[in-house]
C-alpha cells in the first residue's frame, strides 16, 4: 500500500475562540481529484492556507510525499511540488501574463541571486511559461498586463502560474469563482485535462462541476469533516443532505454563492 | 532619592506633554490613515502663538487660551485647504506633501518672527516651587503641566469612550465605509478630529514654550518622538499612546539624568562622557527598535480595519 | 526597458548629454559655480537612485537612507583624520561599513511592514545620527573637516574640479547602469514581484525576505559610495547629513522625479536642488515656495516628472 501524496492528521487551527479547523484528517492518494465542499465559513480556505503554509496550524501534522511539512514555510513547500491557486485572484498586477508565469518557472530553476543577465531573455524560462500559457488557452495573451486581462483570463492565468511550478499536487481554491457559464465550462474542460496528469485538491462551490470531476469528496462543516466518500455516496449521505446539500445546492444553482 | 523623585516627575511631565502630541497624531493616523509630518509644525505654531499673544495681552493664561484657539483654527484651515485631498492616498504621498508643509511653516515663521528664538517668560505665580512632600519641592509650572495634561487626557478618554462623537470617531477608525453608510458626515468628522489633534499639538507647544526656547525646527525633533510613541503604542490606540508616552518620557529623562553616572562606574571618565549623551539620545530609538523587532505591530495594536 | 523614442527618453538623453558637456561650458564661460553645484547634484542623484532601487522597485519605503551618506562620509573622514589618505583603502571601507550597517538594520527592519517599516528605518538612522554627534574625537556635533581628499596614487586628482566632477558622473552612470541590470535580472524581477504581491511570491517558491534584504543591502552600499563622494566634495562631514530631514530630501527627489523609473531620481535631484538654488538666490525664504510646490506636485502630478512626461507621449 503506497503512501498517500498528501496526508493530514488531526489538524487544529483556532482564531480567538473559534475553531476554524477542528481535528481534521484527510488523505489524498496520488492521481486523485479530491474535492472539498462545505457552506461558507466552513474553513475551506483556512485549510488550504495551512496546507500551503501561509497559515500555521495550532496542532496536527501535514505530510506531503512522505515528508512532514507541517512547519515548513510556504516557499519550501512550493519547492517540494505543492502549488496553489488563490480564491481571490492574486497575481502580480503590474507584470505581463508571461512574466507572472516565467517567475513561477524561475522559482523552480535554481536560485535567483543573479544580478546581471536579463531574465526576460532566458529562453528556457520563457518556453516553460509559454507552454503553461498555451495549456490554459492564454497563448495569445502572453504580453498583456495582468491588470488588463479579463476576470476569466486571470483565473486561467492563476492555473498557468501553478502549473509552471512543476507541481505534484495542485490545490485549487475556487477556480470557478465569479466565472460566467461559458468560462466555467471551459474551466471544467481544462480541469478534466489536468487531472490526468496531476493530483488535485479542489475547493469549489459549483456543485455540478464538483460532482462531475471529483473522485472523492470531503464535506466540511464548521471546520470538521462530516463525510468523505465518492460523489455517489455523498449524494446519498443523510447528514450531508441535512447539513448542507439540501438548501445550499439550490442556492448554488440560482445565482452562485459569494466567495 | 529626592533627585530620583524629581527626575521621575520630570519624566512624567515630559511624557504627558508627548502624549498630547502623540494623541492627535495617532487619532489622525488611526482614523484617517493619514501620516502627518506637519503635526510638529502645529506644535511649533502653538509655541509661537503663545509667545506672541502673551506678549500682547500681558496675561499668560489669556495668551495661552488665544494661542490654543489660533492653533485649532490653523489646523482646521490646513485640513480644509490641503490635507483633505490627501486622504486615501499612499502614505508616501502624504509624507512628501506634509514634508513640504514643514519646509513652508519653518520659513513662514522665520519670515514673521525672525530667525532668532523667542522666550516666553512665566508669571511669578508659576515660578515658585511647591512643596509636595516634606523636603521635596517641585516647580509649580511643571506641576501645572502635569495637571493640565492629565485633565486633557481624562477628557479625551471620556470624549472618545463615552460620547456620541467619540463613538463616531471609533466607528470611523474601525470601519470607514460602515460609518459612512450610517449617515455620518465623515468629512466633517475628519475635520473636527484634525482640528482637535492640532489643538492638542498647539497645547503641547505652548506649555513647553516657557521651559525651552521657542525656535524654528522645535517641532521636528519632538515629532519624531511622537511617532516613536505611536509606533510603540500601536497605531490608532489612544491608550497605547498614553502608556508609551509616559514610558518614553520617563526613560528619556532618567536616561539623560543618570546614564552618565551609571556609565562612569563601568567605563573610564572620558569614554563615559563621550558615550553617555549619545546613548541617552539613542535610548528611545533603541526602545522602539526592540519593540518593533519583537512586536512588529506595536504593543497595543488597535483593532484591524 | 524598451528603447522607444518618447518624451521622457528624449529628456533623459538631453540631460545626460548636458551633464557630460557641462565642464566644457564651465571652462569656456569661467562659471565655476555651476560645476560645483552640479557635482553636488550628481552625488545626490546617485544617493537618490540607490533609494529608488529600494523604494521604487523593491517597495521598501526607507525613511533613513541618509544614514548611509553619513556612514560613507565618516568612513572617509575618520580614516583621513587617522592619516590613511588612500582612496583605495577609504572607499572600500566606506562601502563595506555601509553594507554591514544595511545588513544589520535591514535584517531587523524587514520584519515590519508599511508605516512601521518607515518608522523603524527612521529610528535606526537617528541612532546613527546620535552616535556621530557623540564622536567627540571626530568633531562631535560640529562635524569633521577633511583636510585632504582621497588620493588614488596619481591615477586621478580629486582636488581638480573637473576630474572630480567626471568621477562623480562616472559613479552616477555606473550606478544607474548597475541598477538597470539588476532591475531586469532574475533578482530584480523577484524583488519587483515581492513588491507587487509578497504572498504570491512566497506561494510560488521564493523566500521573499532574503531577496528584500539583499536589495536593501545593495541600495545601502551604493548610497555609501555617494557618501564617500559627498565628504570629498565638501571636505567635511557632520551628523547633519544623517538627520531625518536629509532622508526626507532624498525621498522627495525620488518621488519628484518618478519612483520606479530609472532616471527619475536624477531628474528629481536636478529639479529639487536647482530649484532650491534658484529660489534661494531670489529670496531667502525659498522654502515658502518649495513647500507648497511639493504639495502641489503630490496633488496634481502623480508619478513625478517622468510620469508627466510619459503622459505627454500618450497625448
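The first chain written gets the first letter, and so on, giving A, B and C; residue counts start at 1 in each chain.
The rule is simple: a residue touches a chain if its C-beta (ideal position, glycine included) is under 8 Å from a C-beta of that chain, and two chains touch if they have at least 3 such contacts.
Computed from a predicted model, the values in this text were never measured in an experiment.
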{"item": "Starting at chain A, fewest touch steps before arriving at chain B", "value": "2"}
{"item": "Pair joined by more contacting C-beta pairs (A-C or B-C)", "value": "B-C"}
{"item": "Geometric centre: closest chain by C-alpha means", "value": "C"}
{"item": "Farthest-lying chain, centroid of Cα atoms versus that of chain A", "value": "B"}
{"item": "Rounded Å distance, chain A centre to chain B centre (Cα mean)", "value": "50"}
{"item": "Chain A and chain C: spacing of chain centres that average the CA atoms, whole Å", "value": "44"}
{"item": "Rounded Å distance between chain B and chain C, as computed from the means of their C-alpha atoms", "value": "32"}
{"item": "For the chain C and chain B complex, residues of the former touching the latter", "value": "55, 61, 63, 108-109, 111-116, 118-120, 122-124, 126-127, 130-131, 133-137, 244-245, 248, 251-252, 255, 259, 285-288, 290-295, 297-299, 302"}
{"item": "For the chain C and chain A complex, residues of the former touching the latter", "value": "181-182, 184-190, 192-193, 196-197, 199-208, 211, 214"}
{"item": "Chain C contact footprint on chain A (complex, rising order)", "value": "52, 54, 73-75, 78-79, 83-84, 86, 90-95, 99, 103-104, 106-108, 112-120, 122, 161, 164-165"}
{"item": "Chain B residues touching chain C - in the complex, by the definition given at the top", "value": "29, 35, 37, 82, 85-86, 89, 91-93, 95-97, 99-108, 110-111, 220, 224, 227-228, 231, 235, 274-275, 277-279, 281-282, 285-286, 288-289, 292-293, 296-298"}
